[in-house]
Structure formats: structure tokens, C-alpha cells
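Below you'll find a set of structures to go through.
In what comes next, chain A is part of two complexes: it sits with chain B in the first one and with chain C in the second one.
Our next item is the complex of A and B:
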């Protein structure tokens, strides 16, 4: 049975790789469909809120929007102070409300930073036709290494320490994803399966490292399964706000977006990655090493995810613990970010901003919500699920429609159930 | 399978290169691994080691599990003799490890009661068995199901909701199966009819299940949690086993769902390999075009298989909430759906392969829950075992797990 099954040529008249489908779709759908997808998902979420709690979906949406701090960008006169002021018991002054919105916006952008990076981790692999579902595990590994290097190494000075931590964490992420890449490239093990397994291995290794008496557990609080704080020299500079303000990791994420674009569109490596993504057979025929690109694409993906973990630790968390590992799903959220953003730099920025705002706006601290905050948090997950589901679907509908037209096949509408 | 494809060759390959002999080697390796574990525990070396480190008993246990895994591997790849040998040797290693542990921990209260460990293994394995067998139906028909986790979670929530709402655990099981089936049906619509990417669709289902169950849980039960007096799935008491040494405590008081899980395994084997339905399912999964040509409805088979997979996974979830724990918590499946997926792959998409893999993974979970007696940290590392083994299984240069040929590929009727 170890004989590799004779590669059964798929009924080959349509692009079968994910990357090719997405590319086709993007050409066809432009920017309208992601917007529609988002609106539809939010609309359904609103319906759910209406029918289960009876609260007004519009009020809920408004509260989430205000809670996300995005209203801070709007001139003061337009702002509705009441809804921004959720955390105040008394009627707040305009200045207090604005300060509150500012803090919320900083939190939103902190989440956006991480989401951009985990989204890039998914998107880069996608462009090579690989589904990196292991962003979560690569994020864990990055965060763990960042804690280890950031807290245990000392006396190197900020100029050295910060790049050192970033580099180590990014490399760790790359290695973790690279395992899946190598397995795909050499023995053809499906990257979805391997990255799922690697996610959970990272999860439990992390739980072990931070457990009571574990190697990375804090020296000071022996009864809490949490790590030491990273050294001052390993913290990222906070440039906006005092309490959990926005850190320079935001610019790292922006730089990563630019790098993503440049690597894919302006380098030989990117050309190879995209070629393999569109059609591995054709790429092989053209002299591009498919296995090399599979490996590199996964490793670079992991680089982004590892960076996400590092930035999260160095920018605002400063420590990591078992509870953080159990509750983290920001790596998985990267899947929704990448899919909604159509695997492009600019799209990922906006979808990361959207999900960052949703996460902050539905936070349990947002007392202005007309529904229970925990409900709103789960609503964010439902929106994520719906977005991914719709991306899967509208992709196909559009693709079928275009494809039939182009080949001049007899038009036969797919019996689309529920669409 | 390989015999069909292998071309007749004038020069026979060296014996060690032949696939069957490589599987035998894995089996032998398992036996050797277990033997090393046992040897480490035997008097001269064992006593010496034990005086130096605390948790040395873990070594034969760990090696034993690896040996059992190697054995199962060989067995599922048609090398039963060495395979079962490795399994037996592994079990022996574990037994000796425990014996040594009990010896050195005489001052503690009885650390392990043998039959309770076996019973715990069955309890931990049951959700995995249901979900893995469910996943087998879906994947054998050619639809990847990474949404087992979400379907299981839906089953866990709707199981307890149904039992609470209609005051009987039977209704809990029914609502769980309906919920899981509905979720799976969505997956089927997207991956069969709309020809969406099955991984994307599965990911979406996982998100949705997490969000929907979390949302409804907060909305319906809120801070108080699920009611403590909810009707739970009963244990089956077998009177004639009372007082029978080892077997009695295990099988005399086993939960109904465990019996159901065991019979599901047998039943699914019969359905898949001994009935025309099973032949159709496998044909659709291996070569849908050919199946279509002979008049099998590919869509119908895939829809039914995916829906059944959701129902089975949900039963596993229902066992978790109203059979095992008695309550629900957000994201309570905590990766068990993915362990089930791992068991399915490790067991080579075969009913009994998946069953034994689920048992092995259930055993490692049961062990991880008992190990804190020795060392909490080792217990946490133990949890990685199913995933590591599966990683090796899909990566293995020797006899790696090969999925059904048409898996993950949407079928377009012509």
C-alpha cells in the first residue's frame, strides 16, 4: 500500500486549486462581493439578536460600533455621547466620552495588528494553493518563544533585544509551519491535517511550559500558571495612549502587508509561489520546483504568524499563561480575515480592521450593549463563521457562472440550495 | 491495492524494500520499543533508575503506547502477526510500568485500580469513536469533514438542551442527532451541490458551531449554567457480572452510549464492507465518475454520508454532555473532534482501525487524567501524543495513511 496511488488526473477543464479559484473570483467579483458578504453576515446576526433577545439589532450594532472606538475618527459634534460612554455610571462629559472612545480605538488597532499578521499567514499559503489552518499553532509558538527570549534573556539593551525577540519568534513560527511544508513537499501529507495536528501539539506544549512548576512558569507567583513578564528592554514602544495604548507593532504589521505585496508581485519567489498556486502541473512543466515553493510558502506563512505572537506579547500582553492559550482564537480568526480580504494586502487590512472592531466592540467591558456582552462575543464568532461560509459559497456561484460563459458550455444553473 | 498497480518486474525487489515487509518492520520496531520499556523496569536497572528520578515509571508507559501505536499500524496494513505482538508487548510494558509505580508509591492511596483505568479509557474513547466513525462515512464518500469538532459541540449543547427541555435523556439524544445532522447538511450543501472548497466550508461550520452553541448557552442558561438535575443517559447494569473480578466493574456498569458506540463500530463495518450500500459509498469515494456511470447517485450518497457523519459526531457530543459530565460549558469539546479526525486517519479510514486508534487515544487521555498523581507536567505533555502519532502516520515514509482517492474533490455531474 505504500505505493503512491497513481495520480488520478482530475477531470481537468477547470482550475482546481484554491488559489486559482480565488484569483478567478477576485477578477469577477471585485470589491463589491466582500462588502455584500459582510453586510449579509451582519444582517443575519442582527436577525438572530432580534429573535432571541428582542433587542434592536440596530442599537446593538451601534453599540458595537461605538464600543470599537471607530467613532473617535468622526468629529466630536457628530458623536453620540450616550452610547460611547458605556463604562461611566454618571452622565459623562464630552471629553470623558472622547477619551473612552480613544482607548477603545487603541484596543481595536491592537487587535487589528495581530489579525493582519495572522491573516497574512493564511493568505500567503493560499496564494501557493495551500490552506494553512495552523496559524493558531504558529501564533502559539511565536508567543512562547517571545516570552522565553523576552523574559529570560536580559542585559542586551533595547536596540538588540527587540529585534532579537522578533526574529526568534518569527523563525519559530516559520519552523513550525515549515514542518507542514516539508511534509507536503516531500511525502505529500496534506497540510490541513498536519497543521491541525501541529496546532494542538503547540497548544499542549504551551500548556506544559506555563504549568505550575513548568520551565517557563513565573518565579514570583508560583501558584498561577503564567510566565514571567518580558524585560523592559523587550517591550515595544507604546506611542499612543497610556493605558494599554497602541504599540509600534502596528507599523510592523503595516510593513508586513507591504512586504507581502512586494514578495508576491515583485520577486521571483513570489512569481513561483503564485504560479504553483494557480496550477502546480503547469508550474512544474515550466521548470518551477513545486516542492520548494510549497515549503517556502508555508515557512513564510509561519513567519507572519510567529511575528503575530511576538508582537502580541511585546506590545501589550507582556506575559503568557495557560488561560491565554485556552482562550486564544486569534489565529483561527486569521482564516476569516484572509478569506474576506481575498488574500490581498489591502483587503486583509480592512477585514482585519473589521474583525478587530467587532472583537473590541463586543468585549465584555462594553456595558452600553443592549444585550449581554457574552452574547455579543459569541455573535462575533457567528459572524466569522457566516463570512467564511459565504466566501465558500459565493466564490463557487460566481465561478460557475463565469466559467460556463467562457467555455461556451450549455448554461445550466447550479441548483443552489438556499441562495 | 498495490498488487493491482504493481507492474510485473523481472527482478524482484530486495525483501526489505517490499511494502509488506516494511510494515512488518514497524511491527518489529514496536515489539522492540516495548521490550526496551520492560527491560528498563526489570530489577537491576529499574531499581537503580528509580532511586535517581521520580517519574521513571512513565518511560515504559510511554514506550508501551508507542509500541501499541506501531502495532495497530502494522495490523491495519495487513501485518497482523507482528502487529498484535507489538500491541501485546506494549500492554505488558504499561502493566509493568504501573506495577513499578504502585510499588514505589506504596505510601500513597491506591493509585491505580486496573479496571477503573480500562473503564476510564472506554469513557474517554466513546466520543472519539462516534465522531471517528462518523467522519469515516463522510470521508469514505469523498467529502472531507474537518467540522467533526463543531458537530460534536453542537451535539453536546443540543443534547443537554433536549434532555432539559423534554425532561428525558432520550429526547436529548434525538435533538443532538438532529442538530448535528442539520449542521452536517449545511456542510453537504456547500461541498456537494455548491462545490465549495470542503476545508473552507468545514472551517465555517466549526466557527458557526462555536458561536451558536456559545450564544444559545448564554442566552438560555446564562451565568447559572445548565441545570444540575438534567436527565442523564443511564448506565446499563448487568447483574450477572456482579462480583466477577476484572470484567465486572468495567462492563457491568457501563454507560448505554458506550455500548452504542461499540455496536456502531461493528455495524459500520458490516454496512461499509458487507452490503451494497457500503460498496456504493466506497465507489463514490474512490471514483465518483465510474460510480455515476453505473447508475449510483453520487450526490445522494454524499449527502446521506455527510449527514450521518454529523449525526454520529453529535451523538459523541451528547454522550460528553449528558452521559459523562452532566453539564455543558462553552467549547467543551476542546479539540476532541480533531482527535477523532486523527484517530480516523491513524486507523486508515477503516472502522476497526479507527476504533482501536480511538481506544488508544482515549487511553492516553485517561492516563493523562490519572498522571497528575505522579507529575502534572508529564500529564500535559501526554496530551500531545495522539497528535504526534497522527503526524507521524500521515508523514511516515513507510506505509503512510492514504485517504480515499476522490476525497476533497467536488464532483460535477455530466
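Our next item is the complex of A and C:
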């Protein structure tokens, strides 16, 4: 067909499913759109800072960067990292500043670990055309089971205990998400609704279990609605840092990224999931069971989220309580991570790192100045919300993308060429 | 009237002129630039160069509204009618006669439409709801709409695609009347026979270029086809007489209920033998889709029996049908036949990715899948991409070749081909037809479901006609088109005369 795109738009199939729409979106913008999305979100967050507090957005950004510990990665020979946010008053020597940055970077990576896993939980379902809003609930279930098995089972060696806790928590997450998968596959109940409901069920089950006198409440501090600590044998090895350092869960998350890629692209299971995600009707015609894949995709999603809960407990929290449940939103953050990461392994790694850095960098401890802590603490939420908003507006971006193409069409008036 | 506008590539310096009272056919394969040219004329696209002149005057047409003002009316392939409104309401839409400037003067609208309809012998009741009249009548409503707005140049885009042979004949009659009244008509099509029947002059487009304008006299289907494709084309499918052997597909008293719970297939029985092509003719929406779905396991039948060879597959699912030797070229390759976001290699493995050598204990073997795809793409002459190309970037004809390649390469015993050439150009149609005959000669049982009578007549060794979910007739390959047309509209059904 000898038609230029300018003269006649190629017959573009309107994408029918979420996954197909994403595929198109991804192709349309490549790596540029997520970067733009990020910059735009940061820019708007900067405006919010400017207009609510009067503080300089640039100073705030530098303070967040400093607080995230990412500055530790800058070699000493390049610059004094105190110059990033002007923290010469806080640290008499650069060595001290670097020590502080090192600790902060460990916190950033701890968050990154969890965010990778909750991001994968959203992304895997997405690739099957499902929107898993239940990462939070699946995370709770994973954390609860991890606390239960980690604290209440004793007398087993670390070699057995660690895998046991991981396995139980992952399975719990899988079951929790699988419920939504089964409901979608059998009666067609939409997964967005069911996973949100399951979030609340997990929330209240957890609240009950850790409440005063509840089944999992601590034996020692009877006045605090919190669990026992997990056994030493259920703790993940900390390999970097002494004060709440980085644990090997980080490598579990990296392995999960690799597994995500392999499952999707190298296994028959992943083939089926992607086929259903792109075009359920063609998959059905091809002899692939759509309902089976809905269930499997949700269950595997839940596996990742359950693992996130376990790694959090075993890596640095060691206990879980009512207050943790009330304050946790790391499962929801996974939605933004997956959306910004375009549901790919590499993308999720980087967007998890971004959100991990934001979480740590805007922590009130790190961002005492120049803005007030309340706003600082909500910076991540603002950026997160904006990212979801932008990506959810993929249709708008798609439209703009096509509009750009249409603009390429010269709209000159027909001019006479003689006859 | 002269129109001259050299475009970049979609239309490359095409000259086209239309005389008063003339029927001028625009002939070309898909993507030849016919629609682009007409869309320019109707103000939907803007020419990059060149000019349009009406009655010797140079005009600029910026929108369909301006086109209408210049007396150009267009009847699209897909009708733009409001089904729940009456014929008259549809026709006067957007230029309603008003009472006191506010209220629709329905009476005078009716009257005007009736007068217009009668003067051209349209035989349409202006008070009927659009949803309750036939497709052919709806088309006439579209034509009336254009006339009502004062069109004297009428563009018809593939007008016969949706019509039965009888309706097409009626349409030609109407066009003749309009022509005698001095209307100029541009008739876009890729069907050679129609062109020779109705057009006075024929302009052939190929790859955005005008090849030639020829008068009807002295043109034959063969000469036109050569102009269209640029090489000799075998219009007639070369095939020997069928040598049917044992029945491979047996259908007994099959009933299927559609999504709305209505009985779409009602007690259908037939068999397809090894080495024959059975054509199932019928107008769209007479139960073909449901029948296909039931035969391929995509929909569970309500009652009856389906056997492939000796095996009862009535209650088996799509996967099991595939395993037991049913190949299915689906009606809609983009919605069902292909995962457009998958690569060609992935699409070719759609049915067998779980099997060795495509996978090994649940692990895909991309190397094997790609190399298998490579040889299939070569064998079936798929152009426009390799194994790693996304299916969505291929043209319709090449997409269909991928589907055919996949279905045929699985060595099915029964091959169900639903509308296998829909939307394809002459070259691709030739390929698919030849391949279907080859598969027949390999000893497969081929069931061809098509809305195109020509296709059925040129391929089938035996013809069944489906009407309202029932088989209403069985014919040999030498049945006339007229007889089929009558059967397709229910004319032979028992009790139809009563």
C-alpha cells in the first residue's frame, strides 16, 4: 500500500483492552513519555511547594535529593556532596555527610525493594488486561502471614525458616488475589471492585489480629496493639549498614524482576497471559482459556505482593501492628510504580527507585528545611498521584500523539497548476 | 468538470473527470487510493497539490458541508442513518423544514420525501422506521438524502458490498434512472463484473496512480483485472472435479442459541467429505457466525451433534477442536484471527505454543518458533515483515496469509474458512482461492462460508444455502446466481408461498 502516513492515517485498530492500549501507548512514546511524566509531576509538585509555603522548589528538590542518599553515588573526586543541598552547617566534614548519605541510601533501597514487588503485583495483572488494585490487601496478608510464621514458628534453622516464611506469605498473597481472579473468571465480577473489597477485609483482619488481646498480639507488651518480633532465624541477612541496613530482600526483588520477565516472555504461561491481555477473543479462538489465565495472572500478582509483605517484615520491620496497617500505602504506591514503569521489568526497577528516593528524601527527618514537615511528608503522595493521573490519561496522550501526526498533514489550500 | 490534484503518494497526480449524466467507475485494489481520492472530493482530506473544478469553475472544498453546497453527495459503505428515526426524519436531518422556526414540520418533510422518492421510483415509505427496512432500502434512503440536499454529483463507495444480487440489480436500475435525469455518478468498487454492467467509463487506479481511463466498450473482466493488478490474473479458479471420499465433518440436527438467547441455528444437518469444498451461501446474519462458533468449539450448541471423522466433538472446547483436526480461518482476522500486538512468529504459534518443539516443559523456545515462522512466511509469500514484525503493521492481505498459513500448516482434517477473502485485493484473493483448492486436493474437507456469491460459485463443489438458521437448499456447482439469490432471501423455503 503506497500511502504516506501524512496523507492517510494507517488503519489504526482501536485498542480494546487495557493491555493493548498500553502496548500502543508504550510504542507511541517509548522511554520519552515516562521521563516527561516524571518531570512534569515533579514540576507541578514544585509549584505546589512554591505556592503553599513560598519555599524555593529548587531548594526543596535539592534537599530531597540529598535526603534520598543518592548523592552517595557521586564519587568523592567529582564534588563535595554537601554542596548538593548546602548542608555545610550540618556536617563538619564531607566524610560525615557521606556516612549520613550512605544510611539514607540504604533506606531508599529498602523502600525500593518493597516498591519493586508491589509494582510487579500490579504489572503482571496488567499484562493480562486486569487492573489489580488489591496490591495493598495482598501486601497485608503477606505481612500478617510472615509475622505469624516468623514469630510463632520456632526451633527451625534459618536455612529452613526464611524460605518457609517467604513461601507461606507469597502463597497467602496469591490466594488473596486469586479470590478476585476466580470471581472474575467465573461470575465476571470486576477485579477493580473485588480487589478493593479484599483490601478492606485484609485491613480489618489485620487490625483484629494485632488488637489488644488479639491472636497475634505481643505476649510481652500487652498494652500495645502490635505483634511479637519474628524469630532471629526468620530475619533476612543485612549486608550493608549497621543501623537498619539494607537486607538481602533487595536481591529477592531483583530476582523477582528477572522472574517477571522470564515468565512473561519465555514461558507458555506468559504467552497465554499476554495473548489474553492483548486480545481475549483471539486467545479464545486460539484455544487458550481466558478464565484460567485471569485466575493465574491474579494469583501470580498476589504472589509478588505477598512477597513484598514478607520481605518488609523479615528485612527491617520484624513486627507488625495496628498502626502499621493504618499507615501503610506501599501497596497503592505499586500502582504508580507499575504505571510509570510501563509494566516492564526495567521500567519498574527505575520507577521503584524514584519513588523509594522520594519517600526517603521527603522524610521529615531528612527534610526539616527548607519546608515544613507536613508538606514534605506528602511530597511523594503528590508526585505519586500526579503520575497516576497522567498515565491514566493515556487516552489524552494518545489523542495528542495522533493529533501531532494529523498536524503533519499540510493544510494548504489547493492551488491551481493550470490545466 | 475537471479535477486535478497531484498528491504525494496516496494519490499521485491523478486526473479524473466526470461528465454530466455519466456513470464513471473508479476501480482499484484496496489501498489503490480510490477512497482517498473521493475523500478529497468530499472535503474530508485536503489535496496537497492540484485543483478541483466543478462546471469549469475552480472550487476549494474544505469540509463535507462545502461539498454538499457544491452539489456533491456521498453514500458511504457504512450507512450514516439513525435507526430509530423514520425515513423522512433521517432524510431531512440537519436541514429540517420548520414550523415557526422551531418545530419540525413533519408533514411537509414527509410530503417532500414522498415526492422525491416517487419521482425516481424508489418505492420507499417515508414513514417507516429505518431499523425496520432492508439494507437495500436503507441504501436508497442514503441516496435520497443526498438528492434532498440538492446533489447532482453522487459518490457511491462500494455500494454493492452489502447487497444481495437482486438488491444490486435494483440499485443499478435506480442509478440508470438518476443518470437519465442528468445526475453524474462516481461508482467506487473493486468488482469487475459490476463495472462492466453499469459504468460508461472506467478509471483504474493502482498504487495511488491513475493507470488508465477506458470506455466500457471493448473492456473485459480480464483486461480490467490486468490494469488493476498490473499483471495477468487468474480470475477463474483452476480446479479439477472434486473426488469426495469419506465424510470428515458431520453435522446432525444442530441448534445454536446466540448471545441474546435466540435460536440462531435451527436444526442444521450436513456433511463435508474429504476432498471437497462445500460452500455455505447466505446473507449476513442468518446464523453463519453461530454455526461457525459451534463447529469450532467457541460456543456450545444447544442440541444436535458435530462429528470430526469418527469423533463426537459436540461438547468439546476450542482447544480440543484444534487438537482433533479442525482448522478455522475466522471471519474477522483482526478481532479474532490475530493478536495484533504479537509478532508474526508468536501469532503463527497461537495454537501450538504449548507443544513440542515450540516449548519444552512450559518454557518457550523462541528460536524454534522463529525459525518455523520464517519458513512458513516464505512458503505463504507473506510480505511486509519477518517473524519479529508485529502483526498490526501488515496489510490486510498479508495478515490473512499469516492466518491461512497457520491454519493450513497444522494439517487439519477439516478446514473451516469463513469469509476468507473479505477485504482482500485481487492478488490476495487469487492466492487464498488457489490455496483452498490445493487443500481440497490434499484430501481435506473444506467448508467455505461466504457472503460473496461469486466466491461460492467459483470454489464450491457443493453449495448449501442458509436462511434464518436453516439450510434451505443444496445445489451443484453449476447452479445459477439467480437461483442462489432467491434461496438466500428465503424464496424456496417450504411454506414461503403460503
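Quick note on the criterion: the second predicted complex is superposed on the first by the 365 of 419 C-alpha atoms of A that agree within 3 Å, B and C clash if a C-alpha of one lies under 4 Å from a C-alpha of the other, contacts with A are read in each partner's own complex, and residues count from 1 in each chain.
Keep this in mind: a residue touches a chain if its C-beta (ideal position, glycine included) is under 8 Å from a C-beta of that chain, and two chains touch if they have at least 3 such contacts.
Note that this is a predicted model, so its numbers are computed, not measured.
Engineer: Based on the superposed arrangement, let me know which partner A:268 touches: chain B (first), chain C (second), both, or neither?
Structural biologist: second
Engineer: Is A:39 touching anything from chain B or chain C once the two structures are fitted on A? First, second, both or neither.
Structural biologist: The answer is neither, since A:39 touches no partner chain.
Engineer: Touching A:200 in the superposition: chain B (first), chain C (second), both, neither?
Structural biologist: The first partner, chain B, only.
Engineer: Which of the two partners, first being chain B and second being chain C, lies in contact with A:189: first, second, both, or neither?
Structural biologist: In the superposition, A:189 touches chain B alone.
Engineer: Which of the two partners, first being chain B and second being chain C, lies in contact with A:384: first, second, both, or neither?
Structural biologist: A:384 sits against chain B, while chain C stays out of touch.
Engineer: Could you look at A:131 and tell me whether it touches chain B, chain C, both or neither (first, second, both, neither)?
Structural biologist: Touch partner of A:131: chain B, not chain C.
Engineer: In the superposed model, which partner reaches more residues of chain A, chain B or chain C?
Structural biologist: B
Engineer: Check whether A:74 is in contact with chain B, with chain C, with both or with neither, and answer first, second, both or neither.
Structural biologist: A:74 sits against neither chain B nor chain C.
Engineer: Using the superposition on A, tell me which residues of chain A are in contact with chain B and, in the other complex, with chain C.
Structural biologist: In the superposed arrangement, which is not itself an observed complex, chain A uses residues 1-3, 6, 8, 414-417, 419 for both chain B and chain C.
Engineer: Can you list the residues on chain A that touch chain B in the complex?
Structural biologist: Of all residues in chain A, those touching chain B are 1-3, 5-6, 8, 10-11, 16, 18, 21, 48, 52-53, 131, 133, 183, 187, 189-190, 192-194, 196-198, 200-201, 203-205, 207-208, 211-214, 332, 335-336, 339, 372, 374-375, 377-386, 388-389, 391-393, 395-397, 400, 414-419.
Engineer: For chain C, which residues count as touching chain A in their complex?
Structural biologist: 2, 4-11, 30-31, 33, 36, 45-53, 58, 60, 207-208, 296, 298, 317-319, 321-323, 328, 330, 334-342, 346, 349-351, 353-354, 359, 362-364, 366, 392, 395
Engineer: Going by the contact rule set out above, which residues of chain B touch chain A in the complex?
Structural biologist: By the definition above, chain B touches chain A via 1-2, 5-6, 19, 22, 77-78, 144, 146, 186, 189-190, 193-197, 199-201, 203-212, 214-216, 218-219, 222, 287, 289, 330, 335, 338-339, 341-342, 345, 376-377, 380-381, 383-384, 387-388, 390-391, 394-400, 402-403, 405-406, 409, 412.
Engineer: Considering only the defined contacts, which chain A positions touch chain C in the complex?
Structural biologist: 1-4, 6-8, 13, 20, 23-24, 265-271, 274-275, 278-279, 281-289, 409-417, 419
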